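In structure tokens below, several structures.
In what comes next, chain A is part of two complexes: it sits with chain B in the first one and with chain C in the second one.
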Partner chain A sequence: MTRYLMTRLFYFFLALLVLSVVTFSLNWLFPGDPLTNMSGIRDGQAAYNATLESRAFDSTVIQQYVNYLAHITQFDWGLSLSTGNDVWQDAATYLVVSAELVLLSFALAVLIGLPLGMLAANYFRHNLDKFILTSAMTGYSIPVFWLAQLLILLFAVQIEWLPITGQINPLYAIDSITGSVIIDILLSDSQYKLAALQDALLHLVLPVLTLSSLPSMLLLRITRNQTIEVLQKPYVKAARARGLSQKRLLFKHALPNVLQDVLPQMTFIFGLMMANLVIVEHIFNWPGAGAWLLKAIIERDYPIIQMVLFTLMGLILVLNLLVEIYRGWRFPMTREERYGGY
Partner chain B sequence: MDLLDIRNLTIEMDGPHGRVRVLDKVSLQLKEGEVHSLVGESGSGKSLLAKAVIGVLNPLWDVTADRLWWNGKDLLAMTPKQRRAITGRDMAMIFQDPLAYLDPNSTVAEQITEAIPAGDVTGTFMHRRIDRKTRVAQLLHRVGIRDHDAIMKSYPYELSEGIAQKVSIAIAIAHRPKLLIADEPTTAMEPSTKDQIQRLLGKLAVSQSMSVLLITQDVASILPATQRVSLLYCGQMMEHGDTETVLNRPAHPYTDAMIKMSLQAHAELEPKSKLPSLPGAVPTLRHMPIGCRLGPRCPYAQKQCVKAPLVRHRDEQSYYCHFPLNEPEA
Partner chain C sequence: MSKQSIIVTALTSFLLLSCSEQTQVPEPLQDGLIYCSEGNPESFNPQRVTSGTTVDATASQLYDRLIDYDAVQQSFVSALATDWQALDNGQRYRFHLRRNVTFHDTDYFTPSRYFNADDVVFSFRRWLDSDAPYHSVGGGFYPFFAATGLDQLISQVQKVDPYTVDIILTHPDSSFLANLATDFAIILSKEYADQLASNRQRELIDKRPIGTGPFKFVAFKKDYYIRYQRHESYWRQGPSIERLVFSITPNANKRMLKLVTGECDVIPYPLVSELKSLNRKEIEVRSEVSPNVSFWAFNTQRPPFDDPRVRQALSYAINREAIIDTIYYGNAELAESILPPTSWASSDAELKYHYNPEKARKMLREAGIPRGFKMDIWAIPVQRVYNPNARRMAELMQSDLAEVGVDARIISYEWNTFRRRLSRSEHDTVLIGWYADNADPDNFFRPLLSCAAVASGSNRANWCHNGFDQILYQAISTTDNAQRKQLYHSAQQLLMQQQPLLPIAHSMRYQAQREYVKGVELPPYGGISFRLAGKELPAQ
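Here is the complex of A and B:
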């Protein structure tokens, strides 16, 4: 296990390093010159040179990369080019706002995908299975941006059950402390706490639904196929021959073995959610990291782009690492398969 | 009373080319404490018979029988739940490839513990824990595994085939079943392991006083302790009876061929003579012969054989053949 752990950690840090190279080279890969954007066109050469000097742009690329690494290891992502604020300090609230959305959506996706997938597999080739599978196919064929529009049209415009955009009705005057609305409401001493909470939850419904639709349907399909495969394995047959009920068979014998292969797919699905996060936050005017990233891209605000990209991708890597470690501990056979038993 | 009483068990399924009768009026009786061997080539329906008894057949197949009785109770009339209760309490099954039939993600201890009936261990939480552990160790000793501590912590992929089969036997006998069905437990095993497993099964049958239904492909690998033997071909019963009688004076041409094909018989062959075997191959499900299904391959077959023979009895054996061999001189 120690060796397995070391290998996983090594790959994790290697990936982080590669990631830092990618985010670092954004400055060069993108068209246009960030310095011109910063110094402004009208001020001319003098201002340009001043910025060049202040940002140490005259040193070699390697030197710059080492400097960059030294800074980001201390969470110093520099100052925003458009506002001049410290990026890392601004990021905290944006990231928490996004985390709330992502965690809720991921939880919903798992809650929908896993049980429905197992249910469909249990009724393999029956009508229920066909129905669930067809719905899943429809669900993940719809592009996220279009689904968002449809949901808004139906629930917000036509039947007016849910608000269109935003986190909460500003009239409730909840102070933003952590960034997460729900936690903020619970922390605040407003006398309309319950009403505010209800309002915030209503605001959450559409973004969470939209963001979780694709992952849940993907997860459903993966779980279904995996469960069908596991249910035909000899050890499940042996368990069935021991007179165990179908319920016990599914949860005690099939589920752990299904999870062994579904867990790594969850990291992949999480990555997919990160991509959709930008779209969903933009459509629903959600003040999170995704929308912030989009704004930064339009404004060519490189420190922000670098920071958000690095953090989002780093999160995926961390999740991947955690899943790998859990998998190596809970399912020792996977260790054996990959590294010949440590 | 017979522990297991099967009369005219028929299983039919809908294949891509129409309805196929995969098991055709098979009868089998098993007494308490009896070791019974069921011999037949692959595709003869041995495993189907076992699955029908355990109750894990595909629910889409038609299972009919004049009698499928367990201890005098009709298994076919039961609800799935009642059936599972009987299977879980009184029956157990072991399989050919033990490594594939053990859960790859649970330790040996976990898997054996699960098979121990809940009512067997009582007391406080810690008591139950310790009790379970000693029981697992006892079971492992009973199947001939000495270093129980190491084996208990192992996962199936860390075990050798012989040990894995012993572990699955330990799982099978954990709830003291009345019947152990062994589905080709020693096929594709090395001879020394094969011998060990066979002796273990014979020993357990006596010490646990349970019946064993052993399924094998050839007469050479039936258990030494076998009291009665049945031969199955293409879903039809060919012959059954007392082991000694059937193997020494086979009445059915199929039994005769199976005995001649077995390894011991080869020793008596003349040098350079042809190896005895039945001509042709086992028919596919699509082209089942009518009447006696051995007909096309049988060296003694005549016109009459297109009609299914009725059962005939001779001393300690019963057979289904129009032209039996080794008839006593009149």
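Here is the complex of A and C:
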């Protein structure tokens, strides 16, 4: 296990290092002054010369990279080129806003995908299976931006149930402290907490639904296929022959084995959600990191672009690492597969 | 029941609960109003900008001026100044100030005194006097005052006593009061500025603003919202709503959707034709003929456009009625002159340049223009109130011109490049326009067609006519309106003869709102005002 752990950690830090080299070289690939792209301080500003020194721009590229690493490990991503604010300070709330949206969508995706996938597998080749699979295929093929428009037209314009933009009606005057609207409402001293909470939940429905559509359908298909495969294994047949109920068979015997293969797909699904996050946040005016990144790209705010790219990709790497460690610990076979020994 | 199904049931029931209890409108929504503005303000001080978006978010909400302009009565009315006199043959204006006017009391500033002459002197010196400590805060550019020449016109602002101020001009100028009544000539708090200066936080003056206006500033989140709270001790009738939010929504389609779903109460620049086709009775579309004009300017320093006959001939070649129908969908008025018909100085002159390709062709041959003559039409690449689609307009004109044997090429660059090359006079002709800042007719003539404007680059026709300049100068030197009207009539006559540009349309300005919103009128000049805003929600 130690060897497995060490190797995983080694690869993780290697990937992070490569990622930082990429973001570092972006400063040169973006047009303009590399130092300005990196620090957000323009030539002619008072702090320019000091920055020149602290970023080692009078020295070699290697030295500059080392200094860059030193800065980003202290979360110093420079200043925004459009607002002049410290990028990391601004980032905190944007990231929490997105985290709330992603976690809720992910939870919904798991709640939809896993049970339906197992249900479909249980009724393999029956009509129910065909129905679920067809719906999943349809859901899977609808592009996110189009689905968002359809949902808006149906639930907001036609039947007027749901709002379409932002986290909450701004008239509630809930101050953004953490970024997560639900936590912010609970922290606020507003006299209308319940109404505000209700409003915020209504605002959450459409973005969460849209963002979870693709991952839930993917999960559904993976779960179904894995379950079918597992259910045809000899040990399942043997268990069935011993008279185990189908329910016990599914949940006690098949599910853990299905999860073993579904789990690694989670990181892939998480990466996919990151890509869709940008679109969903833009469409629903969600004040999160995805919309922030898009805005920064349009405004060519390079310090922000670097920081958000690095953080989102870093998060995917972290999740990947956690899943691998969990698998290695929970399913020793994984370790054996990779290294032929414990 | 398994754990999963409990969670699912709990989640669904909570959502259903949220959906079902919509009958009662919670209090914060009853006394608040959401305006979906089209962009971020650049600053919270209109002195420093000319963009309409910033003016909308600041001028009438946070601040007051010395005097206001009443568009209905077409006269100046008192605001922070109760009355005023012109002395010394119009070279000195004396303003008597209103007493007991309070500045905003916020969590970052508590005023200890009422508004007085010190605030007026401070506010004017901010843009007038390059030695004033606050002049250079935020860059030291005050484009409106530079463009109108107000910073050259005013020689001094003097405090006579705590409630009297004298403004001394270098020469008499009858457009002076009109410029004072614009959204840009707002009054700041000197006490707040002093407090910031002693804390070494001068730059905050335009970020956390303090004024005397009907709303006070609460918070601004770039790209998302600006929040305001009612100024409870406002000196005149204020709004009945308590909270005002500008929800920043640059996309026109999304603004319309948000109005439909009720997330906006009022929106600017709606997609009029699409909104009307939705046919919802709870949404009202309002319009106002606004003081703007779109025109086709000829670069009169380039042959053959230096010949008035050519300019007249080309003017006859354009079918402007068709343009009004296709580009403005009929939401505009055909322009007879650059001065809109709502101005007091507009003349009822007959429309001279009726569409007449026959006559145009004949006049072009007389002027010696060969068949197949090639020229450029520059079309602005952005949407403006006065011209929603200049490229399409240029295409229509291209086919009109082909009728009379002129081969026109359409040119369009990115907006900043476009303006730069335009001010270097690289164009043959250009489709552009003008939007007035104040009610004075002078605002349409001097910035657009005077010889001085050729030098400053805002005279798109590069047309410098000494006789015309003479008339404009006479017109601003007198305060007698009847005489001024006479002078502007002759100026318009001269323009029609010389035709340095062809006026095309005065377009309407639109705003859409939910029917329960009251008191949010479209002002003919300047930015939107929520001073009298209220809501009349249907009884529950």
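Going forward, the second predicted complex is superposed on the first by the 311 of 342 C-alpha atoms of A that agree within 3 Å, B and C clash if a C-alpha of one lies under 4 Å from a C-alpha of the other, contacts with A are read in each partner's own complex, and residues count from 1 in each chain.
Note that a contact is a pair of C-beta atoms (placed from the backbone, for glycine too) under 8 Å apart; a residue touches a chain by one contact, two chains touch by 3 or more.
Being a predicted model, the structure only gives us computed values, none of them experimental.
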**Request:** Once the two structures are overlaid on chain A, check if chain B and chain C clash or fit side by side.
**Result:** fit
**Message:** Looking at A:57 after the superposition, I want to know if it touches chain B, chain C, both of them or none. Which is it: first, second, both, neither?
**Reply:** neither
**Asked** What is the value, to the nearest 10 degrees, of the angle subtended at the Cα centroid of chain A by the Cα centroids of chain B and chain C?
**Response** 150
**Prompt:** Does the superposition put A:295 against chain B (first), chain C (second), both, or neither?
**Reply:** second
**Asked** Is A:115 contacted by the first partner chain B, the second partner chain C, both or neither?
**Response** second
**Message:** Output check: A:256 vs chain B and chain C. Expected answer is one of first, second, both, neither. What do you get?
**Reply:** first
**Message:** Which partner chains sit in contact with A:245 here, chain B, chain C, both or neither? Use first/second/both/neither.
**Reply:** first
**Prompt:** Which chain makes contact with more of the residues of chain A, chain B or else chain C?
**Reply:** C
**Asked** Is A:30 in contact with chain B, with chain C, with both, or with neither (first, second, both, neither)?
**Response** neither
**Message:** With the superposition applied, I'd like the minimum CA-CA separation between chain B and chain C in Å.
**Reply:** 21
**Prompt:** Hey, what residues of chain A end up touching chain B and chain C alike?
**Reply:** none
**Asked** Residues of chain B touching chain A in their complex?
**Response** 51, 54-56, 81, 83-89, 91-93, 95, 97, 100-106, 114-115, 155, 157, 168, 171
**Message:** Applying the document's contact rule, which stretches of chain A touch chain B when the two form their complex?
**Reply:** 233-235, 237-245, 252-253, 256-257, 260, 330-333, 336
**Prompt:** chain A touches which residues of chain C in the complex?
**Reply:** 4, 7-8, 14-15, 17-19, 21, 26-29, 32, 34, 218-219, 221-225, 227, 243, 245, 247, 249, 254, 257-258, 260-263
**Request:** Within their complex, state which residues of chain A touch chain C.
**Result:** 83, 111, 115, 152, 156-157, 160-161, 163-166, 169-173, 175-176, 192, 195, 198-199, 201-202, 205, 285, 287, 291, 295
